[in-house]
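The two complexes that follow have chain A in common; it is paired with chain B in the first and with chain C in the second.
Our next item is the complex of A and B:
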């Protein structure tokens, strides 16, 4: 065995192999030192072998930590996942001794809530499954493991409640996971992209979340969780657009509070996408849309601005996008400085210099703040993008153009499917087993 | 899936303004429009009842499939071609009429083809989507627009400018005998069921249309509002002088405390959405009818990759629309609309009766066999699970 392993890992210095003998047996052991907790190896294998308190072959066959491995083709695979290979009298045993460096006690940072659970998923797959299982203590929970990435060999696990899951969605998910061809898989977002037919989609059709309450609730509704090693975010499929707009807290608060918050979010979504485009359309095409006092005050604030409205919009949008991007990329300590400086420039100086009108400043800030209201990050990024096509339409077609653009977005959203399920739909059937439209397919 | 039927019904009922229904009715306000409307409510409701109960016997099948069950191929092809033309004509006509209106009112400084370009391209995009997408689209659009329509109507009826006397004076012409063109205009309100011709393919096997009493209730509500509210605003005689009487009516209302003072803009926005939806759906039905003419065509209610044929047909439709923009104006539109409304009424009446006769002949055992619960309401509750399974089986087969 050792010969074969040395051949396969010709240049790996961290592959450790031993040949050991005691009074009864002669055994071989192989593992990758960097992946393995060596104290565990010595405690479970080396010491019992040397002490000979029980015969070593009895120990191997009776201790559940060890399991037989018949297929020699899987040796490297197992070792790469942190297993120890032990050869005793022509039989190969494996033992899981993987050591993973992990964050301790992960907290939710991306989707924070005030009163909801504060523990997030872990970067370690086993810890994540542990957290989910402890909150979903049902024997119906099933898991399937896949390996993705020819080099990274990332472990990916599908979790679902087999009594509730929609088998059609499960089949698609399995098929997609098996067909992924990549070298290295390093993040959940990457995985979700691979799982999608349309790589150039505009809106996320799966939810990437770190919140365990979202996951368990989703699973109880028949959704599937995709977890991967090395990422503290799970993918939840299939989802609808409305679910991307709800925060988990909406379920914890009273009905009217959450109804108000949800409708606020939808209004914010509408404003952040259309405000700049509407500004252009109203200023350049239809100033008579507003009541006359308002139209005058807008015109007055634009009096010092020497160029058409769309240039003004582009200046401001460019600045605000730079500001947002800078505050994401910068370390936390400098980040606040950047936003303060940027905010001052945008808020005061640009308007006094006559570069932009004061109404435009309000439009920009409302647009930016409304964007931050969207609870799921990937959706808020998509929303940040879609205002640009609307602006372009507004430049050429004015007010009807903006309305058409919004309508086109609605059509696009309605035509999306999340793993074969409707994505943008107001009322869904309670259960996938209930009858729904479009079930009778052509023969 | 009742609600999808009613979305379609509401959409067509509200869209009547774009097909010159109020103009036709108002021009005959003292010569029989009022009594014609009463006749139209009865005729329209009966046609809708007949057609929906005929279609309900074959859930999961559209009109092309139903026709093929009993008729020889060449007749089917001919009928489908007529239907395709009807849907294409109505929806394109609405689109052109609205484009001209929007250009006149909102963007008079832009050329009209500019507006047609963007509206038409959007309709190409919409109509090439799958039937399922269009149903979702219909749902969201109607739900977004209905509050706005209700608001406009609320503003309309609450306004002190409404002369109830004028409305009363016109209503007293109820004893004048009805006329054909007014009945035809009135029945248009009730023709939302026609979209079921294709969308019936999406209905699940246990589908049963409930709440059909809403049809006369809602239809007559819209019909009477369409006719009487402009009279209230413009008076008994002046109401006839406007080309777009409802645009003028909406412009007579003000929102004195809003950002936007003129209700007209709200009205235009609502009808922009409605027209785009109506044209997309209409073109889609037309595309499906044209493609169903080939016997080997297997319809799909949902697809992820749009078939090329859809794009081609839709682009041809768009081309015809652009070309006809140069020929049509408000006057010709009005004349065409009046003639077309009459023609349409007869085709739809004939279709409804024809479908009813066609489905009456269906043997009871056959009806029981593949669509459980469509006619037998009492068996529905517990057969739900079974029929679901059989549907899945069929889908796999």
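Our next item is the complex of A and C:
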């Protein structure tokens, strides 16, 4: 039996098998450690077997916890559901030892949805694998364990569907994980940075997520999940830019709704990156771009502002960035106070004091809100950074500068690869494996 | 090796920046440090040495916008050339003069009766003047149009923008003319320019007449009714009216459907003939109450006769003035393939015969019986 199970779960390191003997019998036992409550196994199987208070075959046939399983094709199935397989004298018994996830399973907080699954990954590695396995009950799921960090000895697990994964990408991922040199590894973001070739990347080429539905869907598309002990976020590789722009809910809603929402997000992305730069370019170089009525009202509202437009923009951006940072770091209860004070009072006062124009307040808030529309936090952080180079270009070169800057940004995005796979490709071939491996050398 | 690589990258970046520098155009000036010219008037000054009188209307933006609260500054100067006048005017104001939003050009009546070509040349050559700016003739002169501050204006110059633009009033008596079209009409064989006439009224402006020009100066001024008919023939303007009298009652037809087709033929005797067909559909706006149930066909016929009569009158008037604002010549050139088509047309036009037919269909009486 053990031979057969090893064949079926070729690479799963969490499949445990035992061969034990006492004075009377010799038995074999197999289970998936991450799905099973091991104390239950030892209490119900291992200890009775060793103590021999009752003959073990009597115990198996009389105890209702055990039941016979004749069909060998169902072995993997049962194991994946958290059953323990026991073989005694050519008879196979099963025992339900599935570990029940504690009621305090963490809720999704970073990527919340309305109608999607609400359970997030856990900070405990075993719990996380348990959740993923229970949502992806396939014998093709394989796991490999690594240890990263010379002091922290953090357990890192690669999970993938071996029939669907691209071996070249898998090679890269293994290579990266083995080559990490660090003392302490404490967060998924840190791990993803170590796994990158270029640590000065502007855009994330891996998705850090806490959502199990994202992970299982990704795995079914041939992606690799990297889990680590002590972080409730998993890394999903390789990914495309558009995937960072989709929320999981897009798949749950009707086509037109999600198409609308997706295009809305791309518009928001464009606005949050270019709006401050466009403001400077249009206000200071090409005011004829506006309708005449708008131009006059902007000129009127700017009349009391003593500084040139870019200083006005920097004042406002500085305030809004501080506000965002402050509300992230503060405890929840004080956080809302900070936004009220900053957003409402400061904005209003700054405009009345003639420090910034009222149009600038609108530009700033539209920019900030559009930034919050981006569903993945690491991308929204990079997008927050991107606008500054564009502003600098706008100060010196006006509208043509902004156009060139956006163009350069697109070129940069197109040149990116996510673990060898094209990153900024809007339409992918049906099979993810057909796409190129690109800049990363697999060997 | 790697240092060489980095420096090559850096050089490329530097090169990109250097290439970008000349694309920026004018310098960095904030919107509130610019003085927006909303309208320019060009008149004749009567002074031999400084023949042009250039008047600009500058908008003074304020943060509050209420009707009638707008403020403008008028600056005027006599100069030898228009551009020179504008340059001197720059020294009269404290901010940078910006022509980017100058959307109305008013040519003085006297200037337009003399020669508009040099003024048009200047407008089309200036980089910062939009080709979609409106050009019109001001009566008695351009300056008086600019000095008028209409009662309802929220932004300086807004009344004129809305009058000519398509997002404000849609009157069938107004025929806006844009700069690019004026320039084309001046330079193209087979079409002649026209310019609307602006007059100052008590609360604003009156724009309901059209000046027809040859390539250089005004030849003919159309009356308001003729202007509307001109619009109807040329642009098939609906939301306009045709009127006639029936048994001493005046009858007004509001046009909802208007199609004009015409064909220019050369007759065997060497003369030209223009046959035009006007199809009108519409509803009765004014008229006796029993008009539709009893005399609909008769009224239709009467309307048709009046339309034909008036159209022929208008076409003949335009023909006598020797101008071609309806671009018949261009049509002739397009439909008669010959290198001398335009010369032929110039021979034909003074003796061109007009043959106008119309069908009128009253679609409803405009109310429920």
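In this text, the second predicted complex is superposed on the first by the 328 of 443 C-alpha atoms of A that agree within 3 Å, B and C clash if a C-alpha of one lies under 4 Å from a C-alpha of the other, contacts with A are read in each partner's own complex, and residues count from 1 in each chain.
Just so it is clear, a contact is a pair of C-beta atoms (placed from the backbone, for glycine too) under 8 Å apart; a residue touches a chain by one contact, two chains touch by 3 or more.
These numbers were taken from a predicted model, which means no experiment stands behind them.
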item: Greater residue coverage of chain A in the superposed arrangement, chain B or chain C; value: B
item: Which superposed partner A:400 touches (first chain B, second chain C, both, neither); value: both
item: Chain B versus chain C as contact partner of A:347, first or second or both or neither; value: neither
item: Touching partner for A:297 - first (chain B), second (chain C), both, neither; value: second
item: Contacts of A:197 with chain B and chain C, given as first, second, both or neither; value: first
item: Which superposed partner A:410 touches (first chain B, second chain C, both, neither); value: first
item: Partner chain(s) touched by A:285 [first = chain B, second = chain C, both, neither]; value: both
item: First, second, both or neither for A:425, with chain B first and chain C second; value: first
item: Partner chain in contact with A:308 - chain B first, chain C second, else both or neither; value: second
item: Contacts on chain A seen with chain B and repeated with chain C across the two complexes; value: 285-286, 292, 397-398, 400-401, 404, 408
item: In the complex with chain A, residue positions of chain B that touch it; value: 1, 3-4, 59-60, 102, 106-107, 110, 114-115, 118-119, 122, 125-126, 129-137, 139-141, 143, 201-206, 258-261, 265, 269, 272-273, 276, 280, 298-302, 304, 384-385, 387-388, 391-392, 394-395, 397
item: Touch list for chain A against partner chain B, complex; value: 197-198, 285-286, 289-292, 294, 393, 397-401, 403-404, 407-408, 410-411, 414-415, 417, 422, 424-427, 433, 435-443
item: Residues of chain A touching chain C in the complex; value: 283-288, 292-293, 295-305, 308-309, 358, 395-398, 400-401, 404, 408
item: Chain A-facing residues of chain C, complex; value: 16, 20-21, 23-26, 28-32, 34, 36, 38, 59, 61-65, 98, 100-101, 103, 128, 130, 154-158, 161
